[in-house]
Every structure is written in structure tokens, then in C-alpha cells.
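Order of writing sets the labels: A, B, C and D. Residues in every chain begin at 1.
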Amino acid sequence: MAQLTYREAVARGIAQEMARDEDVVLLGEDVAKAGGVFKATDGILERFGPRRALDTPISEQAILGSAMGAAMTGLKPIAEIMFGDFVAVCYDFIANEFGKTRYMTDGQVKCPLVVRMANGGGVAFGAQHSQSVENWCMQFPGLKVVAPSSPADVVGLLAAAVRDPDPVIFLEHKGLYGTRGEVPDGEIVDTLGTAKILRPGTDCTLIAVGMMVPRSLAAAEQLKADFGIDAEVIDLRSLMPLDTRTLLASVGRTHRVFTVEENPRVLGWGAEIVSIIADEAFFDLDGPPVRITAPHVPISTPPHLEALVIPSVERIVEAVRQSLAA
Amino acid sequence: MKGEEGSPDRANDDIGEVRRLEMYRMQVLIRLFEERVQGLYLENLITGTTHLMIGQEAVSAGTSAAMRDGDLMFCTYRGHGHVLARGAPADKVLGEIMGRDNGLMRGKAGSMHLTSVEHGVMGSFAVIGSHLVLACGAAWRARYKGQDDVTVCVYGDGASNIGAFHEALNLAALWKLPVVFLCENNLYQEYSRIAEMSAVEHPSADRAGSYGLERIVIDGNDADVVFRAVSAAIETARSGGGPAIIEAMTYRQSGHSRADPAKYRPAGELDLWKERDPLKLYKARLRELGIEDDRIAEVEAQSRDAVNEATEACKLAPLSSPDLIMSNLWADGSCAWRN
Amino acid sequence: MAQLTYREAVARGIAQEMARDEDVVLLGEDVAKAGGVFKATDGILERFGPRRALDTPISEQAILGSAMGAAMTGLKPIAEIMFGDFVAVCYDFIANEFGKTRYMTDGQVKCPLVVRMANGGGVAFGAQHSQSVENWCMQFPGLKVVAPSSPADVVGLLAAAVRDPDPVIFLEHKGLYGTRGEVPDGEIVDTLGTAKILRPGTDCTLIAVGMMVPRSLAAAEQLKADFGIDAEVIDLRSLMPLDTRTLLASVGRTHRVFTVEENPRVLGWGAEIVSIIADEAFFDLDGPPVRITAPHVPISTPPHLEALVIPSVERIVEAVRQSLAA
Amino acid sequence: MKGEEGSPDRANDDIGEVRRLEMYRMQVLIRLFEERVQGLYLENLITGTTHLMIGQEAVSAGTSAAMRDGDLMFCTYRGHGHVLARGAPADKVLGEIMGRDNGLMRGKAGSMHLTSVEHGVMGSFAVIGSHLVLACGAAWRARYKGQDDVTVCVYGDGASNIGAFHEALNLAALWKLPVVFLCENNLYQEYSRIAEMSAVEHPSADRAGSYGLERIVIDGNDADVVFRAVSAAIETARSGGGPAIIEAMTYRQSGHSRADPAKYRPAGELDLWKERDPLKLYKARLRELGIEDDRIAEVEAQSRDAVNEATEACKLAPLSSPDLIMSNLWADGSCAWRN
């Protein structure tokens, strides 16, 4: 067992897979010599050399496109898009190419690649460097979307993503890079499409990803301590595929559900979760399913404004308490 | 234009009689195939959109003749001819276009997306620009793995103005990738003249310098010229000399897509290009080189038979199966997204 | 009153606004000389000349970017992205620029533009030319999204979009271009953010946009005729802003709701609608809110397969009937 | 390099003493401002990211001196100096960077997005590539409306490899737009040497030919050179001669962003460029031209005072208001998305 930061866990996961499989390669802007602008790929170049870890020009279409071309023909690239927001400049691959190729060619062409991106807010980068791009990716059939919240999950899910025969978007939360956690020694491989109940509870279910996971856990503690409300907290971990079984089972026990999203309100992933629960667990629900989100505005830059936009522990507590009291 | 190398000399030059007859057979096959596609559309047997390449056959024939087995090709939605030239059977190509079960992809995706990995055709791409960067990736893989295949990426004049073009060319040149970018300049981006849409006359070749590459403009209506230019580029790429960009000047005698009457053509333009029809020119070349008429007629017949047989086979083939819609999204064959 | 096709209505709406306001300009691939690949801009060049109607290179980033630059500085451009799917190659403007500029500059910079796109399926163009891109656009704060289903609405909503001081995505449905409808004479200006009840009903509410509107109407007739089910049909028309008042009021009367979407299931706009209704009208609902969508797969090309993917009148009828019977 | 025009001749040449002193004042202002920003970051009074342009001041000073009131500028996240040079008051710029209510955008958006429409700065853009095409649009509007302003778009060497660059340049050249693309080549795209990321030495200038434009590489550390080159380009653009692309060679003496120690620099590189520090060079130029030391000292003092006063004002200014987050999404000032 080692204590690793989330960013160190990224590098460990990448290294684990590159050591295992010669076909795994890493590319992106400043991922090699500089070890990544978030230092999440530190040491990879030193260990695996410039043939396998490549710095690229500022050409995001070329990064994702060449990753896909390589994946189609025999490599397993891990491509980095520095800030998730920038995937907008190469979105054709997300929306039109990665997930459709195998399907359209009736299985002739494969696309086993991983796109890592620094996702989410909380570090005062403003409206164009803080968005939650899981919401821009999960709607495309054929594309898997993973968003770990702890160092151990980072390693295990990254390994699972690299070994997956289909394209996976791997979202590292910027606000978590500096956080620490225990990571078991040896090879770790997790399973995509599995949510985790991090805190069992009986009164309601909180469903979160990324930075909203620790906040939901803290909110659950506070709800218990201050109001006697026993909240179950689920880390979704994977937005696609979706572990609806775990979610529906939890709602079957708690009868109330809250999604905790840091994105602007409209068409965040919580809408999909709520629409599934409202349809399939309607008669399990004792009250409305509620989405706790940022207000429907872009994220302002200064920390004191950003803090008002992204759901805080206090806002989560307040929303749950009020709704359960209603 | 590097046109001179194409002028006839003798049947036993660097190209040779056998290859010339094969390139002629292929041009005829593509022509007849494309005419048949248009006919089947008018018969309502082809329902999706199609983009024919009548008039551009020499590019397909010359390019594929220059490629080896194992070399890879990335095409556009205007790809029927290239896919045929790489060896995909006419019935499978036509079946795909007709949405039949015997198609390359069992009729799931149609004319714009023809793919035959077996024949090195990694796909036909319909969002402009994407396949230029994909080709970089395929070539990068070859170098990474020490495999000596070369990737050829065919695209249009209009595609030369999209952002991905720039990113692909820079990366290919920077990483010295074994990839050949082959621009089919057919004078039009859909209904607009490329000359009115580009800041330079040759939208691809005039930009070669931006990537430290040689400027190459060739006569795309002469299969020999295409063969020689692509062969040279592939040779360089295969031996580690990096990428090339070739602009082949040609003309699309058909409309942009199946329903386009092409009214935007200036008067006389089509006639002028029909005089330079690649099949006509090439047949004359064969004769000039002393190849007997009956041998020419023989390959013409082969092509005619192939298209006829393919048509019959496809008419009999069942429509693509409804199962297709729920399969092969994921590697396990399923389309499940939840448990 | 004139009978116009949907595509003629587009041209009429554009002409109405260009005639009214010299600052309105049109740009896109083949929109001028050719009158658009869907013939939806036929006659604009002839009437307004090459200064105001411009054909562009295949450079979607330049199309949207120059439209925005012009809008920031005094024009009101109408830009066309030929097939909505291609917005993926210029998505930066959708995700990061149009809607954020006024906000980030605290009101200094305006962005009054319209982006028209041919949206949706039904015409056998396959997986990369048939997508429902309202789902790619509606999640961004600051961006309005409109999707008319009739020729009259096309004219009125297009005029409203052009006159709106903020950026509007205007989605024309490919499957509807050939359809006809009455269009009043004279100037027509509609209101963004207003849904329309096209068929009042008492037993359930069907909410649709675009090509799913006529199909929902037909389904409602069939539900009435064959099963005595009286469905209310709402044409959403505008996905952003959202006329939640009309939706919630309808659910308050009918107590059951169905969204009818032609997109793949996950994170389509119906999820947002359902999440709002489940939260705010939970106790009005007599049964689960149900989303009728395409299966979560890309759209196959041949018409007989495409027809199995996009909800048909029969599938809508069947889904409603079964759910109400349960 | 078109360096020679920058060599000193006499104070009363085409540039003149007054403008030279002003360009010097501006370079000193920017330098002191940027040093102050770094200081305030270390004091924890600046929390968001910043991208300083220490070492690149001559580009800002020379460019804005060449622009008229009414001309428009589009900047990047590395824009402090350009915004100051166009006349935005130091306290408003600093206030924005500090997240204060007195900022250009009332402290809402910070260092990367400085905008002052009042001073013709249409924005500072942080997603690479976007503002190159925006600039085309602004210039198109000018021509459309018969307005004679020119748009200047400043961007980095690294941005020259992104797709939008290609689309912007082609459109600008094709439509002969009154826009000047000014590449600040500071040798690095973030932590990578641009020389290792581009297929050509000069990622912008070596591509001018792709758009039928002239290749222009200038010494970006000499404000006079920048002033002359940008003036000439603006003049051409203003009189209908179409766009220009200028690559100004300079060096970022600071890190890429606030926390970057820039360890990737080869030994000695920074020292070499410090010898060519634009302020040092320019001060020497002023002296050589016979401008008295006390006049030089006076403008230095002005700049120092401006930065000090701005700092004091900003420290006293309230933090940006919480109201900001729910306002100015739409033209009506609200952020309502439903009824």
C-alpha cells in the first residue's frame, strides 16, 4: 500500500499499462518532456523513451485523429487533451468518429484508445478551462466515459480503459490532482461500468462523480451529524456504460435520490440518471428526484465567484435537507 | 505539371504492358460500375446518396497500381473507384451501396462509408478532414511497429481548406510519417469552383512548402502519370523519406452527388474535359503502344461482365438484416450501455 | 396565406429579415450561387447580391468564427453548417465561445447571430449526416436553440432568431424540408422560448420537436381512434429557453408524460424535460414519465434500417399504450 | 529578417521622438506591470492563472503605436501588455487580474480574458485558434460596412499549427480582408520548443505563401521594427490591399504561466535573450538618438507611478460582486433559461 496523489496515480496507471503492453503509447501536448502541465505524466518519457511518449504540436485534431488511426491499425494510444474544454476543437472524433467506426463498418474496424482530459473546475481557471465534459461525451453510442474520484480508482480504471477494446474517455478531475489516497501495491485493474457505494445509507441516495464525490461524502457526514439524515453516497465512476443496477437498487432502499453535478444545470448527466430512475423506479420514489447542479451559467474565474457556482458541501446539505423536509 | 513522364514510349517501359492493361481494365470497370450505380438509382434500387467519380478513374487506377498488398488507403465518400481498384469485389461494393446483405459491411453503412480492411481500405470518410489525420495515425503505427507499409490518403480539393488538413500535414512532415496525401482536384467543392474558394491556385500543392514538402501537380487523367508519381512518393515514404503531397488535376463528369444536374458548370467545360476523358486517352495510349485491339476488347469485356454479374448478384441478395442495428457497437458485438 | 414547403419557408424567413435589416448577412458552403444543398436559401443571392450572401470554403471554423467576429462588431450573420453533424468540426464556437462571450466580458461584447443547420434523420444519409444536434447545443448557457416543425413556424422563429440579440442555433429538419403548410402573408415574427400545444388532450402529454412532431400528432390520432386514448401533443419548438410553464401545466392536466425523441437514448433533450417534470411535478404524475427515443446506437444508412432506429408512429403508439395500460 | 529598418538614424525620422518616448514608456509600463503581477501572485493577491509577457514588450508597444483609434485587436491569454498598450488603464487591467470590482469586466473573468471594447480590444482568447477566425469576421464587418478600421490579431508561434489558423488565413486572403495576423514567436509553445513542433522554421511566416501572402519575419524585440512592419501592413489593409501575416521573433523571459520555472530552457538561452532585452535595447536607442536622460527617466517614472497607483487602487477595491455570476448571460442582463 502506498499513499499516492491523484496525479501520481495517473502516471502509475499509465506506466503499469505501458510496461505490460508494448502497443500502448502516449501522446499529447507537453506530456513527454514536461511530464504534463498537471504533472500527471511525470516520468513516463524517462522510463519509456521518446518512441513511446510523444509531445505534439498544438493540433488537437491531429492528436485525436492520429490516435484513432493508430488504434485502427494496431496500437493502443493514450492521447491527452490538456483541458477537457479543448475537446471542442477536435469534437468530430468524439461525436462522429471514435464510437461509430466499429459499428458502421459492421465490426471491421476497431478503435481501442483512451483519451485523457483534465476535467472540471475548482481551480480558478474560468469559463473555458473548467467545464465538465462528461456531458459532452456520454451521449455518443460507442464511446465509454470514465471519471474516477480517488487515486486507487484512477489506476484501476485507467488500466481497464487501456485494456478495453473500445474507445474510452478518461476524465481526470483538476480539482483532485493534489488529493491523496491509499493505492494497493502491484498491478491494479478495475472494471468499467461499475459504480461504487462509498457510504451506505438508508434515507436517500446521493449520486456523484469526480470532485462532487468527496463533497457528497462530506455532506453526508454533516447531514447525519446535524440532521440525523443517513445518506447513501454512490460514486458513479463510469458514465458509460452506466451501472443502473446499483443505482436502482439503492433507490429501492432509500426511496429518495439526488444527483450532485458540478456542471451547469441543463442536460448534465444527472438528467439521464433522473430520467431512468423516474421511469423505472417511479413507484419506489417517496418524493421527487432532485438534481443539485451549478446554476445554468458559465464558471466565473475568481475563486470566490467560482465557489458560488460549483455546489459546495453546504449547498448539498441544504438541498437534501430541504427536499426531505418538504 | 509533371506531365511529360506520362507520354507514351514503349509497352515495356517502367510500367509495362501487363500493368497497363490492368490499369485500363480498372478504369473501365470503375466507369461501368459508376454508370450502373446511377442506373440503379434511377431504378430506385439504390436509395441512399452516392458520389460518383466518373471522369476521375485514372486517379484510382494509377494509385492502386502503385500500392502494394498491405499498404493502406483512406478514402472519402467519393470512394467507389478506389475501393474497387484496391481489389474489393464489385458485388460486395455494389451490395453495400444497395443496402444488401452481401455488401462489404452487410449493407449497414452504404456508399459514403465503404470499408474493406481485407483490401487495405481502412474506410471512406464523410466528414471532411477527419481521415487526413487518421492517415497520420496509421502511418505512425507502421513506423512504430517497424512495418513497411505506406498509407495513402485520398481527398478532394475542397478538403484542402479545412483545419484538419493543416494539422495532418504538419504532423506528417514533422514526424516524417510514411503517408502520401493525394488530392483529387476535380475543380469543384460540391457546387462551388475551388478556384473561388482558395487563396492559391492549387489548394494542396501550393501549400506543400508550408510543411517543407515538394510541390507536385500532376495530370490526374493519365493513369501512367498517376502511377509514376504515386509510386515515387510511396517509395520515398517506404524507405523512411517521409510524406508527400500530390495534387492530381482531374474532372468529375458526373454531378457532385446523385441528384446534382451540375448546372454550375461554365458552358463547354464538360465537353473540354470529355475530350480529355481518362479512358479515351488511355485506350489511345494502349493502341499507340501497339497493344492489339482484341486484348483491349478483352479487358473491356471483363469489366462489363464483372459489373453485370455484380448487379445480378446484388439484385438477388437479401436486404441488409435488421439485426445489424443492434450489433457491433462494442467489441463484444453488442450495443449494451447499461446493466 | 400561401402554401409553402418547409425549405421555401427558410428562404422566405431569411429574405424577410435581410430585406428588413441591412446588417443581416448570409454565409456558408454553397448557400449563395447554388441556393443551398437543400435549396433552402434559393433566390437569396439573386435578390440580395454577393455582398450579402457569401459562399465559403469548406472551413467550418472560419464560417462560425467569422460570423461571430462580425456579430461582435456590428453585423447579424446567418451562418449555415450544412449538416448539423459537421458542427463537430467547429464545436469550439458552440461550447466555448458564442454563449460565453457576453457573460465573460460582463456585457461588453455582444454576439447576435444565427447558425442554421440541417438536422436529424429520415433521409438515408447514415450515421454521420443524420444526428439530432439539439442535444449537442442546448447544454451551453448563453446559447438559444430552436427547432421548428412547420413552414409557418420556420418563418416566424427564424425572424425571431435573427432579431434576437443573442446567439441562436436554428435547426431545420432534413426530413421536413419537403413538407408543406400554410404560411400567413406579410411579415411574421414569432417568439423564442414558447412551446405550442398542437393537439389538446386529457390522458397524457406527448412532447416532441422537429420530425417527431408530425409523428406524434399521427400517433395521437391513432391512439384516439384505436384505443380511446386522448393525447395532448406539444411541439417544444425551442429547447433553450425552455417553456417549462406550458409543459408543467400540461402534465398537471394529463398526469402522464412522454417525450418523443429521434436521438439515441442517452442524454437526449428528453432527459432534461423528464428531470424537470419528475422534480417539479412529481405529485402530479400518475405514472412514470417515459422517454421514447431511438435505441442507443448510431443511425444506419439504408431506409429500411433507418426506419427501425428512428421512432415511428407505430412505436410511439405502442409505447404510450403499453405504459398507460401498465 | 527585415531588421535593418530598425537601426537608429535620427530622432526625427518616420517614427519621431514623441512616439519613441511613448513606445519606451509603454514597454517600461508593461515590464513593471508584469513584475507586479508576479509579485501580487506571490503575495496571494492574485489567485487565478497568469501568462506574463516579460521580454515581449516591444511587440505590444510597437503594434499599438501603429494602430489608430477604432482599429480592433484580438489577443490571447498572454495579453496584458497589448491591452495596456491600447490604452486600457493599468488599474482596470490589474483589477481584473486580481478579481476586483474595478476590473475591466468587474473581476469576473480574469487575466486570460481581458477585454476592453472601449479601447478596441475585442477580447483575449484562451482556446487556441478561435480568435484567428473571429478576427476575420471583425474585418469582414469593416469592409461590409465601409468602415476603414483594421483588425490586428495577435497570437503565438504554437497557435500556427492549429487548424483554425489555416482556415483563418485562407479566408482572410480569399476575401482580401483588412486584417493583420501578428505571430509572437517566443520560441515556445508552453514547455515545448516550437522548432520541435513545426515542420518549418517559421511556423507562421513560412506559411504565408500558402495564402498568397508575403513572407515577413521581423525582430520582435525592437519596437521600431515592429512599429514599421505593422504600420505598413495596416496601411495596406486599410487601403484595400488585403491581409498580412507577420512573424515577430521574441522571447518570453518569464515562465509560460505563473508557476512555471521554465526548466526546459537550454543553458544560456535566457541570458542571451536578456542581452537582447527590448527595454535595454530601446533605452540605448533613445540615448543614441540623443534623447536626454532626464526625459527617459521621466517616462520611466510615469510608468512606475502608474503601476504603483494601480496596485494601491486595486488593493482597496472590493472583490468582484457575487451578483456577477447570475448576470449578463443574455442581452437583457439576466441568466434565465426557462419560464
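As a convention for this text, a contact is a pair of C-beta atoms (placed from the backbone, for glycine too) under 8 Å apart; a residue touches a chain by one contact, two chains touch by 3 or more.
Because the structure is predicted, anything quoted here is derived from the model rather than measured.
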{"item": "Between the pairs B-C and C-D, the one where more C-beta pairs touch", "value": "C-D"}
{"item": "Longest centre-to-centre distance from chain A, chain (CA-based)", "value": "B"}
{"item": "Averaged-CA centre spacing for the pair chain D and chain A, given as whole angstrom", "value": "36"}
{"item": "Chain C and chain D, separation of their C-alpha mean positions in angstrom", "value": "41"}
{"item": "Centre-to-centre distance between chain C and chain A (centres being mean Cα positions), rounded to whole Å", "value": "30"}
{"item": "Touching two or more other chains - residue numbers and ranges from chain B", "value": "108-109, 113, 127, 129, 161-164, 166-167, 170, 174, 197-198, 324, 329, 335, 337"}
{"item": "Junction residues of chain C, two or more chains touched", "value": "56-57, 59-61, 85, 88-89, 92, 96, 99, 103-104, 126-128, 141-142, 240, 242, 266, 296-298"}
{"item": "Interface residues, chain D side, partner chain B - complex", "value": "129, 161-167, 169-170, 173-174, 197-200, 206-207, 209-213"}
{"item": "Partner chain C, residues of chain D touching it in the complex", "value": "72, 74, 104-106, 108-109, 113, 115-117, 122-123, 127, 129-130, 132-142, 144-145, 151, 163-164, 166-168, 170-171, 174, 324, 327-331, 333, 335-339"}
{"item": "Interface residues, chain C side, partner chain A - complex", "value": "85, 88-89, 91-92, 94-96, 99-100, 103-104, 126-128, 131, 135-136, 138-142, 240, 242, 263-264, 266-272, 274-275, 277-280, 282-283, 285, 287-291, 296-298"}
{"item": "Chain A partner contacts - residues on chain D that touch it in the complex", "value": "47-49, 99, 107-110, 112-113, 126-129, 158-159, 161-164, 189-192, 196-198, 264, 319-320, 322, 324-326, 329, 335, 337"}
{"item": "Chain C residues touching chain B - in the complex, by the definition given at the top", "value": "29-30, 33-34, 37, 55-61, 85-86, 88-89, 124-129, 265-266, 295-298, 300-305, 308-309"}
